Each structure stands twice: as structure tokens, then as C-alpha cells.
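Contents: one structure, followed by commentary.
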Amino acid sequence: MALSPNDFPRRANDKLRYADTDRQGHVNNAHFATFLETGRVEVLYDPHDPLTGEGAEFVVAKMTVEFRGEVHWPGSVVIGTGIKAIGTSSVTVSQAVFQDDRCVATGETVIVQIDTGTRSSRPLPDRARTRLSELLLDAE
Amino acid sequence: MALSPNDFPRRANDKLRYADTDRQGHVNNAHFATFLETGRVEVLYDPHDPLTGEGAEFVVAKMTVEFRGEVHWPGSVVIGTGIKAIGTSSVTVSQAVFQDDRCVATGETVIVQIDTGTRSSRPLPDRARTRLSELLLDAE
Amino acid sequence: MALSPNDFPRRANDKLRYADTDRQGHVNNAHFATFLETGRVEVLYDPHDPLTGEGAEFVVAKMTVEFRGEVHWPGSVVIGTGIKAIGTSSVTVSQAVFQDDRCVATGETVIVQIDTGTRSSRPLPDRARTRLSELLLDAE
Amino acid sequence: MALSPNDFPRRANDKLRYADTDRQGHVNNAHFATFLETGRVEVLYDPHDPLTGEGAEFVVAKMTVEFRGEVHWPGSVVIGTGIKAIGTSSVTVSQAVFQDDRCVATGETVIVQIDTGTRSSRPLPDRARTRLSELLLDAE
């Protein structure tokens, strides 16, 4: 069945920019990584209530994008975001990008909480664990 | 064993730009997709001798990036590129990104040749198949 | 007196992206050129009713940006756009960028209509001249 | 007389990226601001010997770009950079961008040293003044 933005607990959007296009006439595929980032940071980096512990930050460990269609300027994209799995210090984020309700890409990103000073991984605080659990997607 | 640029038949480079950095102080991870693109297009889009047939172009179907280290401005990155597999109308490209000989990311990208008009897949021409074979990486 | 979005006949917006920030923590100044572009193209490139004549396109001849404040992620910017002057084949666009109603930049851009084939300037069609006149800002 | 990279005391380069192009087929004009930044930071932000005083940084106050030609991927650009004027807390940087020795743009940027904490302007240190003087362009 076709994916819909409503299959995800959180939805964000990005306005397409003319500069996002490339000489092939469509939005350059590297920007899909940015669209996924937009959806991700709205879940992970609430400036008023950050998920990371003090002195910690998130870095991306792995990202997979499946391109299902082209994105064309002008317009905007909607990014659906949910949590697929929660590890000790990592979170697997599952996402999809939509233009006019058409799914143009799906993405899966593993992010890891690291200590800002040492740059090594650090277990997620309980608070993060609780809040991320509320965004868990049903196992398929 | 640690990866080296010399493990790949082709090497390209990208100059880091101040604007590539983000508020975390390092190069934003979305730019890794651009670095992979730089390595890929130097193999696939030689303007004097393109690999695609007439009226055809390449689009990215899937991209996986594993982030192994942070990239810091200033400087440049080297992108090693080889071919992992050749399908009927698709090519799997295997790559790694290096800063100062340190591997900061590996990537695998599946690209598909499509008809520029119909936007549907089209078998690779024999010439492309031959040239891409010369860039095949040894199976691990 | 302080500038307001309402001082301009047209208003566009851009969603700020995490990747727009740089290592100084604010939105990188090169993106201000993109924000101006967003406001400009919504006036000049309506895909259903383009201002350029057939076989013609707009290119930027000169751009001046005055930076009045820093832009900080997250959020969005509003871009006010009006026409300052209409020449034979050129248009002078006057703009301002706002974050939370605070003017963070003003910009002036001279664009020229060129022939897509020959890349040389071509007089604006009457229809463009009429429509651009409706967006003229009062002379100060 | 035509401008040449040798008219400037400092030269930097940027590798063009496929993603720099837009749907008009050429390098998007907003990237010219990035090319100017590349030339500027190599003069102003030497990580081993920064020009700014401690607790200070540079911000851009005004930027003017005149576009003289289109830039086409693939290839690279050379950015020539010199100093036009030195004020109390500001520096006016004069630049030109070249592709294959053809001048595609000229730019003038006013940067101001600000206090990182208060974000207000702060006079340039003598050391910066001396070093910037060595890069002064002859008055025309």
C-alpha cells in the first residue's frame, strides 16, 4: 500500500528552493539528505527541550535513502518521521518524503548520541528514551 | 584493514567550503551525499564521452552512507570510486571519502539509466558495460 | 523608520534548514542570496504565466546585499519583494529579508532578460512591463 | 583592460560541484557568494594565525556582486582577492571570480570585526591592520 504522511507520528515540511534544482531540471538528490535532516531535527533538537543530555550531541552514523520519484520545483515537500528502534546510545529513524502526497523517497537514519568533548558514544538519557518511545512505528 | 584511496580505481576530490560547515562546527552530513556525487559524476558523466546512450540519463535509485568520522574545514576530501555490480539498466557504485587519508565515510549508490523522455529505465549500452567493467572492484 | 514586510507588494517565505547554519552558529551569509532568489522567482517565474518571452530567460547582472542582523535556525524568513526600476531589457528588484519581523537584510538585484540561445540581452515584452509596473515601489 | 587572477595578491580556488548547477544548466548565482567567501576566508581566517583578536570574529556587512558571465560545470573557479580599504573595525575586500581565465564576476565585500559575545563592532588589532595592508590593491 502506498505510504502517506499520516503513517508517521511527526510531519515537517521544507520549502523547495530554485537553487535546489540541478542541470537535470529536478531537485538534486543530495538535497534529499537535507529533507531527512529537517524531519529529524524537528524531533531530536527541540531548542526548548533537547533530547540529548548536557554536554552531548547527536551525530549521524548511517543513512539510507531510496529514491522513488523526482522532486520538481516549485513547491514544498512534507517529511514524515517516526522511530524504528531505540538502542543504548543510538536511535534508528524511519522517514519518507512526499511531494503533493506522492512518496518520492524513503529514508532510514541511525543517529548516535556522543559526548561533545570526547566525541565518543554515550547512552541515551531515560527522558530521551521515554519520549522517543512515543514515536515508535508499528513493526511491519 | 583500513581503507585507502588506492583501493579504488578512480579518485576525485572536492574542496571544502566554509558554507559546508554547520552549527556543530563540522561539515554537515548532507554534504557527504554531494562528495559521493562528485566521485560518481567524474566516472559516469565524462562530457566528451558520456556513458549513457543518446536520450538517456542516470538517476539515483538508492544511496547508503556510513559515517566513520567527522570532516573539518578547511581542506579537501578525496573520493575513491569503483563499481561493485553491473545490472541490466543499473550500476552499483562503491565509494569512500577521505580527509587527510583518514576514511570518514563509505557509500554505496545504485544508479539507473532512464529514458530522458519517458523517465523509465533503459538497458545500459554495451559501451557503458565494457567501460564500467574496467572499474569493477574485487569481490570481498 | 524600520522596514516591514508590508512595505513590499509581494511576500515569500523560506523555511530555514539546519544545513543553512555554519560553524559560526548562524545562517551562512551566502544563503541570503538564496533567500533573495526565492522572493525574486515567485515574482518573475510563475510557471503558469512566465514574464519572459518565448525562448528567453532571466539572468542576474548585479546583486547587492546589506546585512543588518544575523539569522538563526530554527524558523523561517519572510522575503519582501518590489520593483524599483524597469529598463529596456532589465529590471531592478528591491527586497528585504525578515526573521520574526526583524529586518535582517536588504537587497537590490538587477536582472536582465536574455535570449536562451544567443545569451544576449533582449527587450522585455510589453506584458512583462505592465505586470512589473504594478509592483513598483514608491520612489523614496 | 580585462581582469586577470594576477591582478590580485591572493588566489584561491573552488572545485565546481554538480549540485552547484540549477535548472537553467549553469552554476546558480547564489554560489558566487560562496566563491567569494572561499577567497575571503583564506585571507581572513588562517586557522594557525587568525586576523581577529581573541573573542572576536568577522561578519559580512555588505556584499556586491557583478555577474559578467555564466559558470559551467565541470571544472573549477579561481578567486582573486585583495584589500580595497581598511577602516577602524571594517575591511573592504575586492575580488574577482574566473573560470578558465575568463572573469565571470567581480565582488566587493565589507566585513566588520565584532565581539563574539556582544555582537557589536570592535576595532581591528594592529597586527590585522599590518597584514591586511600588505594586500592592498593599487587605487585605480
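For clarity, chains are labelled A, B, C and D in written order, and residue numbers in each chain start from 1.
We adopt the following convention: a residue touches a chain if its C-beta (ideal position, glycine included) is under 8 Å from a C-beta of that chain, and two chains touch if they have at least 3 such contacts.
This structure is a prediction, so every number in the text was calculated from the model and none was measured.
Visitor: So chain B and chain C: same face meeting same face, with over half the numbers shared, or different?
Guide: Mostly the same residues form this interface, as more than half of the numbers used are common to both chains.
Visitor: So which has more C-beta pairs touching, A-D or B-D?
Guide: Of B-D and A-D, it is B-D that has more C-beta pairs in contact.
Visitor: Quick one: which chain's Cα centre is the longest way from chain D's?
Guide: The most distant chain relative to chain D turns out to be A.
Visitor: Measuring centre to centre with CA averages, how many angstrom lie between chain C and chain D?
Guide: 23
Visitor: Can you check how far apart chain A and chain D are, centre to centre, with Cα atoms defining each centre and the answer in Å?
Guide: 35
Visitor: Please compute the C-alpha centroid of chain B, do the same for chain D, then give the distance between them in whole Å.
Guide: Each chain reduced to its C-alpha mean, chain B and chain D end up 30 Å apart.
Visitor: Tell me, which residues of chain D touch at least two other chains?
Guide: Answer for chain D, listing residues that touch two or more other chains: 18-19, 28, 30-31, 34, 37.
Visitor: Touching residues of chain B toward chain C in the complex: what are they?
Guide: Listed in rising order, the residues are 18-19, 21-23, 25-26, 28, 30-31, 73.
Visitor: Enumerate the contact residues on chain D facing chain C in the complex.
Guide: Touching chain C: residues 24, 28-34, 37, 57, 59-67, 70, 119 of chain D.
Visitor: Which bits of chain B are touching chain D when the two form their complex?
Guide: 13-15, 17-19, 34, 37-38, 41-42, 45, 47, 74, 76
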